[in-house]
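Naming follows writing order (A, B and C), and every chain is counted from residue 1.
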Amino acid sequence: MKREKEMKRKRWQTTILLAVIIVVTYVSIAITEFNVLTGITAIPQAIGWMFSHLLITQESLAKLPSILEKLNETIFMSIAATTTAAAVSIFLGLMGSKTTRVSNVLSVLARFIASFSRNIPVVAWALILLLSFGQNSMTGYLALFVGTVGFLTRAFIESIDEVSGSAVEALTATGATYFQIVNKAVIPQSLPQMISWILFMIETNIRSATLVGILTGTGIGYIFDLYYKTMDYNTVALVTFTIVITVIAIEMASNYIRKVIL
Amino acid sequence: MSLLQVKRLGKSYDLETKVLKDISFDVEAGEFVSIIGPSGAGKSTLLRSINRMVEINEGHVIFDNNDVGSLKKKELRQLRTDIGMIFQHYNLVPRLSVIENVLHGRFGYKTTIQGILGRFTEDEKERAFYLLDKLGIGEHAYKRCDQLSGGQQQRVGIARALIQDPKLVLCDEPIASLDPNTSKIIMDHLQSIVSELNITCIVNLHQVEVAQTYSDRIIGLKAGEIVFDGPTPWLTDDRIHHIYGTETRELITG
Amino acid sequence: MEAASQSTYIKRKRDGRIRIKSGNKAERVMQGTILSFIILTAIAFIIFDYSGLHLISAVQETMYNLYVMFLQPGLSHFGWGEALFQVSMTLGLAVLSTVFGAVIALFLALMAATNLSNKGLTKTVRIIVAFIRAVPTVLWVLIFAIAAGLGSEAAVLGMLFHSVAYLVKAFSEAFEEVDPGIIEALRATGSSWWHIVTHAVIPSTFTYLLSWTFLRFEINFTVAVAMGAAAGAGGIGFELFMASGFYFDLREVGFITYAILVVAILLEIISTQLKNRLFPAAATQ
């Protein structure tokens, strides 16, 4: 009897949930003036267009050196933003974690900084910074840096909380100082997870850097925008292809590293 | 003067419930004392009050002529180097090697800088190997701790406590996660710490029989109060019954 | 220290000091990775293009801008009602790409899960998904904009591609963790593949699928803001772009940023609550 009631309740919940999703979807279609028919027909149309227009030609290949130069800028920007953000995040993560916090005020502050910088989209940071930093690598770097600090701090807090409670207790009991405990127990134990998050963030940031580049006129995003606006789709295809290769290469390298260290 | 004096110790985590009430006892150097009692009786809190891993609310803990409750941060560190601690879940750093984990016991003697750089003297390292050999796990010295069995990890925990050169070792449920055979090995090692090295041992235990086999003296804790304190032979079935209430039968037979 | 007789297990370094590290492959790879991070970061700062950058004045200016934005926010080019509409527009784009994405991903994930599909199909789906994921969302949106015209359709389709790729990975991993015993038992009774999927696989992973989908919705809101700003997809992101890029109206930028922040934090809170409710065991750990 009881189980049957439970099952009935569950079925009701699922039905209501589905109804809510359908209503929300319908409202969204109305607000965004989304035309379902256009939407559906656009997919085969777009794919057809891609295969007929997005072709890498001899001519576009000539532009490869300048594309690679910009791509290089984007890759290095993503890496630098991620690693420097990670250094700040380790500090904020230690302050924010339950096991390693020094004071409650600092802990709340660390979590606040993380939440604030994470929840303001990278585009917003890029546009704000663009006003005074101008069109150069620094703008993109800082925009990525701020967003990454927010994300990594949250991830690091979780990693630290997860791994280190018991060892911290044991080392405190031996009379070790705070810095000894952090350096010799907390960091060694959570380092593999931290590296894994850093690799994930580098990958994400390369994609975000393309977006930021379109707005701030730097890196591969700038080159893409340039050829897109002049309707040189062959070069657009080449640019896209180089990005794909880069992201996949980095993903493969990260997967290898993760497999060994985790 | 006794090595450890606990005077009218009281502890509460919130306003309503008192975990420890008016606890007083002395421990002499070289004693092997077991603290028994049902879960939630306050055994763990009592043990952690001795090295102030939890703050003391009322009363005093006097260890080696120091009032533990009033020590400043640096003095407290100094005091903790004299007190080793062994945990139910071993509390090692799983990814580090056995020998590194043992050497962690030396941090209390080092400045922060020495500790961060990981500078250990050759004497300290040799001593760590000596202890591991003595505990029968020398061959695993370079393995990562997460590759060892529970009993082996607990022996690493013992080595970490011993390398501190402690006067007192506190053991919080050291065998609660181990099988009977491994438990015996661990308890035998603890016993030899007391008899050979003359280090005092206070052990929290779930198993009454183990306490009776190994300790000189037993303290019974119930709902935060001492209800028994005396030499092991004095602990009669009636008194066990009093400590554990109605659960006794299951505990003794199980 | 008492003089101890030497242990036979001691290993020494070349200089005769006793080794204490376990020195396994994981440790070496980690050290190598960190070293590469440091070197690459150093190179990055050397090759950065600093043209037109005056660091001190830029920092001062940014501080002032942030001060105006966050302490004196206000609207001048549109009203509260319009702001609310633009936010719902962005939310709407996120909803559509998430819902459609989840439905498509469900089917693809069934094909990508190793325990429900054959090897060839699994591999094909995974390669396609990896490719889709590697292309930044903004490029998908811009590419669709050419094919479908610059409207909400292009934005939704572009975002849809990434949502599908993301969810296929998450869903198929959830499917693969279904107890093989359940599948085997149903197979033994002669159930068809569809029966197994609808009666065992989906019910037992439903909460996971839901939680991943909501997480993607959270991400898609941010993506929708970005698409508005960078690909002209409309919504609050486009207003943000206009306010900062055309009107240079810092107060409006501040107001819009606050609006985005409030929605994003709200979504994060809902998402955490949902996770705690669906997976109480994971939350208490």
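FYI, a contact is a pair of C-beta atoms (placed from the backbone, for glycine too) under 8 Å apart; a residue touches a chain by one contact, two chains touch by 3 or more.
In this text the structure is predicted, and so the values were computed from the model without any measurement.
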Any idea whether A-B or A-C has more C-beta pairs in contact?
-> A-C
Chain of greatest Cα-centre distance to chain A = B
Chain-centre distance (mean CA atoms) for chain B and chain C, in whole Å, is 46
Could you state the distance in Å from the CA-based centre of chain A to that of chain B?
-> 46
Would you kindly tell me how far, in whole Å, the mean C-alpha position of chain C lies from that of chain A?
-> 6
If you look at chain C, which of its residues touch at least two other chains?
-> none
Check each residue of chain B and list the ones that touch at least two other chains.
-> 96, 100, 118
Per-residue overlap in chain A, given as positions that touch at least 2 other chains | 192
Touching residues (chain side chain B, partner chain A) in the complex | 51, 53, 76-81, 83-85, 87, 89-96, 100, 104-105, 107-110, 112, 115-116, 118, 157, 160-161, 164, 170
For the chain C and chain A complex, residues of the former touching the latter = 25-26, 29-30, 33-34, 37-38, 40-41, 43-45, 47-53, 55, 57-59, 61-62, 65-66, 69, 85, 88-89, 91-93, 95-96, 99, 130-131, 133-139, 142-144, 146-149, 151-154, 156-157, 206, 210, 222, 225-226, 229-230, 234, 237, 240-241, 244-245, 248, 250, 253, 256-257, 260-261, 264-265, 268, 285
What residues on chain A touch chain C, complex-wise?
-> 14, 17, 21, 24-25, 27-29, 31-35, 38-39, 42-43, 45-46, 49-50, 54, 72-73, 76-77, 79-80, 83-84, 115-116, 119-124, 127-138, 141, 162, 191-192, 195, 198, 207-208, 210-211, 214-215, 218, 221, 224, 228, 240, 243-244, 247-248, 251, 257, 260-261
As the complex stands, chain C meets chain B at residues 1-2, 4-11, 17-24
Residues of chain B that touch chain C when the two form their complex = 96-97, 99-100, 103, 118, 120, 122-127, 129-130, 132-133, 138-139, 141-144
